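First chain A sits with chain B, and in the next complex the same chain sits with chain C.
For the complex of A and B:
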């Protein structure tokens, strides 16, 4: 009886030939290899898309900040990768929990709030090394000497700045965060052009740029 | 005994486990992608809503300025903001609909001064079933608290909040903390007022919103905001004149001394300013090589011989021209002259200006020759300071000064002259040691009228104007301002020291031999209001 059972078991678990095993192994290897390569590509693509999306959102955020300040500025100046401006000293922060608007007054023909010299706002970058040792930049907005981080770990911040409007009221800015993943071997310039975000902002107040000197 | 089928069972179990693991991995991947995408989508939508909120906020400013400009045409303030959509005071939650704010009723502190204000006018406009709205509040500012004189025209402060609703499902903020600090979206409570957001019918939670608040200061601008404004043309093609500016209120821009604020500063070439702007509603300015220290603007035309124009040359200028009519009594009748004033001025005359109220003088003409003078006398000094006094002269006919004749304006006397005829101010001109603002001359509109007093129109339906003339001799001296859109203004001279301290508005303006026109920038802040201009713009993102 035992022999019968063993015979039956052997008959149902007959092995594969060497050729079959080799073919199967090859197919499985190819399949796993393809899956690995595919998953790596997918992951890379996902990370690239996520990076592009997040940096694009960061670009918009920075431009929104810059445009907001430019619209209310009365003096604007640009230097190397920095934008500096003066905005009215509008807020009475005597009581931080109850910030009020100041009353306007006329001084030398100009509307001023609080300190006639206004409040200095500056956008600038500061270099550092990230945890991998790679050089990256942080982008800050400084208001009245207090800096606040806007974007962290960016590769480049390039404030394009056109100030050739004859009435000097239109200021154009552009910001580029080059992507970490590139599908093709394109040049840096082409990549920057393709990923730059632009804004043209009208400075609503009459400019008194001399106040920044 | 049944055979053992273990190998087959092992294969089946492995397949199920593999399928479950694969499904789990795919689910995790899908969920992660979905969360990431949803967050990005939420951020994009919220960013767009925040951007869109700027549009109604700015539209609110435009709406209020449009309403304020009604002042230019209707001098009765009760008609300004008379539209039923405008209500007095800041917007309130008027629960009992009695039209006023009662204790306990909340309000929107649009000017963010921490208290309810009832003096201004407010209005709310909604679009698309309240998906977007603007709420605007406009209030006059006390000139004294603005650092101006009590008698100055008041500025306006306009506060506007633009609101765009977010989808109710957007119950949390997308993006990072930096986005939150910038956009300050409201999900349950209006962060500006602390008032809970309303829950709309059929929904179980408030509709989140994005808001933007703008504050603009609107300034009344005098009709004398330019050095030269010709509605038709400007011709400076003679003797290379100079047009520049100074500010009689600023020690850096004139001889003004802050320790004697009642004495206006005078022009100093060393403190010359670059606001001697010239402009025309027509198409031609012939600068003629004149040294224009300021801008030159035409309406679709060109500036000829503009080598010495220091400012910007533009061709998109247009300024509305206000009608000029003889002042009337409040009931619309002709103005009666004040007691004791002359009915004609043909020889040496002295008129005492009065404080607080304007002395009205109505004469058929002013005709001075030889050594005759017209003296407009001010008040005696009080503690060393001469108080302001006022006189208004209505001339039904011509004004003529010749020989050595001149008009003398006393210290701190404000004079307004309305001329219905022509004017030739030669002789020794107008002696005005005050600011040019103290002597304002208005040329009354010269529409051609028929026997019934109706304005005659040409075949195209345009009113026919018989342009008058105003001639001013620079060598006689002139410090004042002229507003006469229905007059051709000729500044004539011949000397090398001609200086006119003035602003001119006329039909055609020509400078024939006058060396210099110095525009006092203080003129833009006084006299007849000709425009309202946004001079300060601030977006409040607290």
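For the complex of A and C:
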């Protein structure tokens, strides 16, 4: 009787064959593998989008800095991915804890603040490798010999003059950055185009560029 | 014995694996979840691009206005020049945008006898002069309405618009002498200052010599040129 019951139990609860097991494990592996790859890609994509947005905001911030200085500059010179200008000496920084705005005065037919030679402002980049070993640049703003980091991890900073503008009255600036995640087939040139932000600013003051030579 | 068989049969029923419909439903739920996440990701990327497009459009508008302020007044009042040398020249920040349409209207401010100039550039075609305007050359102040339209990455039409006033001797100092030579000059060679204001009197009138054809935008502007001084035709230095 016992034997009969056991035989019946075995026949109704038979296990999977080797082939069935292999097929099932393959399907499960594929499903789990694709979910893993998909979730990783999603995470990378979210991180890349976050990086793209924050870097774009940094680009706009830097372009705003440059435009502000260009609008008040009276001498501008750009060379080799850096731009130098002279702005009026608006502030009295004798006491760093109490910086005062100066009153203008007229000297030799022009409005002057403080030192008539103005204050030199320079935007320049310095190369370094980031934590992944990629070559990136940091962009600095130097005013009166003191440099401050404006943004790190950019690809290129390219100031230039507008075409067909012999007076060089409009200064164009572009900034690109290396994205942290991109498709395999995308070239560096395409990346540069896709991340470039351009601004154009008119230099409003009478130019005295020779002061920078 | 009967009892033992019955218990084993119950345990067998309880230990049965998932049926095919159950497995299909589970897989479908997982697929829908993953699909939703992918869609969310796609939408997020699209939003990032829309934001970038919008910023680029603002930069294009800003670039257009800056360029406007460097134009010589005769050029600003000339619809052909505005079409060919201004609106047909693509802004540096524009290539990132799709199907860009630009429209510019230059009208007297305040409204007077002059009629507005109206130009439009549609995607892939040269600028159309809708209305060439008249009398703008004699105005002292004009209002410029610039509208930029583009098709966003979300498939919707977007617009950025700006209005500004341009004076004949405005930011770029058209007609004002002593603005210096091309690209600046010697630092200590200040151009002669304007004559002092007579106390209690009216400001001195700056002599303006109107050359045939107006200014040429290149240092020797002869009075109505580019704001680079040399009103009387003195060639620029530098």
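Keep this in mind: the second predicted complex is superposed on the first by the 172 of 213 C-alpha atoms of A that agree within 3 Å, B and C clash if a C-alpha of one lies under 4 Å from a C-alpha of the other, contacts with A are read in each partner's own complex, and residues count from 1 in each chain.
Keep this in mind: a contact is a pair of C-beta atoms (placed from the backbone, for glycine too) under 8 Å apart; a residue touches a chain by one contact, two chains touch by 3 or more.
Quantities reported herein were computed from a predicted structural model and do not represent experimental measurements.
A.B. asks: For A:24, select first, second, both or neither according to whether it touches chain B, chain C, the two together, or no partner.
C.D. replies: neither
A.B. asks: If you stack the two complexes on chain A, which partner ends up touching A:109: first (chain B), second (chain C), both, or neither?
C.D. replies: Touch partners of A:109: chain B and chain C.
A.B. asks: For A:64, decide between first (touching chain B), second (touching chain C), both and neither.
C.D. replies: first
A.B. asks: Where does A:150 make contact in the superposed view: on chain B (first), on chain C (second), on both, or on neither?
C.D. replies: first
A.B. asks: For A:190, select first, second, both or neither according to whether it touches chain B, chain C, the two together, or no partner.
C.D. replies: It touches nothing on chain B or chain C.
A.B. asks: Scan A:46 for contacts with chain B and chain C and give back first, second, both or neither.
C.D. replies: Both partners, chain B and chain C.
A.B. asks: Between chain B (first) and chain C (second), which, if any, makes contact with A:32: first, second, both or neither?
C.D. replies: So A:32 meets neither chain B nor chain C here.
A.B. asks: Contacts for A:204 in the overlay, against chain B (first) and chain C (second): which applies, first, second, both or neither?
C.D. replies: After superposition on chain A, A:204 lies in contact with both partners, chain B and chain C.
A.B. asks: If you stack the two complexes on chain A, which partner ends up touching A:75: first (chain B), second (chain C), both, or neither?
C.D. replies: So A:75 only meets chain C here.
A.B. asks: Enumerate the residues of chain A that count as touching chain B in its complex and touching chain C in the other.
C.D. replies: Touching chain B and chain C on chain A: residues 1, 5, 9, 12-13, 46, 53, 60, 108-110, 166-167, 204, 206.
A.B. asks: Quick one: which bits of chain B touch chain A in the complex? Just the residue numbers, please.
C.D. replies: 1, 3-5, 7-8, 33, 36, 40, 43-44, 47, 50-51, 111-114, 141, 145-148, 155, 157, 175-176, 178-179, 181-183, 215, 217, 219, 247, 249-250, 312, 314, 521, 525, 534-542
A.B. asks: Of all residues in chain A, which touch chain C in the complex?
C.D. replies: 1, 5, 9, 12-13, 31, 35, 38, 42, 45-46, 49, 52-53, 56, 60, 63, 75, 108-110, 117, 162, 165-170, 172, 174, 193-194, 196-202, 204, 206-211
A.B. asks: Contact residues on chain A for chain B in the complex?
C.D. replies: Within the complex, chain A touches chain B at residues 1, 5, 8-9, 12-13, 46, 50, 53, 57, 60-61, 64-65, 68, 71-72, 87-88, 90-91, 98-101, 103-111, 113, 148-151, 166-167, 204-206.
A.B. asks: Inside the complex, what are the residues of chain C that reach chain A?
C.D. replies: Going through chain C, the ones touching chain A are 1, 4-5, 8, 12, 27, 30, 34, 37-38, 41, 44-45, 48, 51-52, 55-56, 59, 62-63, 66-67, 69-70, 91-93, 95-96, 171-172, 178-187, 190-194, 217-219, 226, 228-229, 238.
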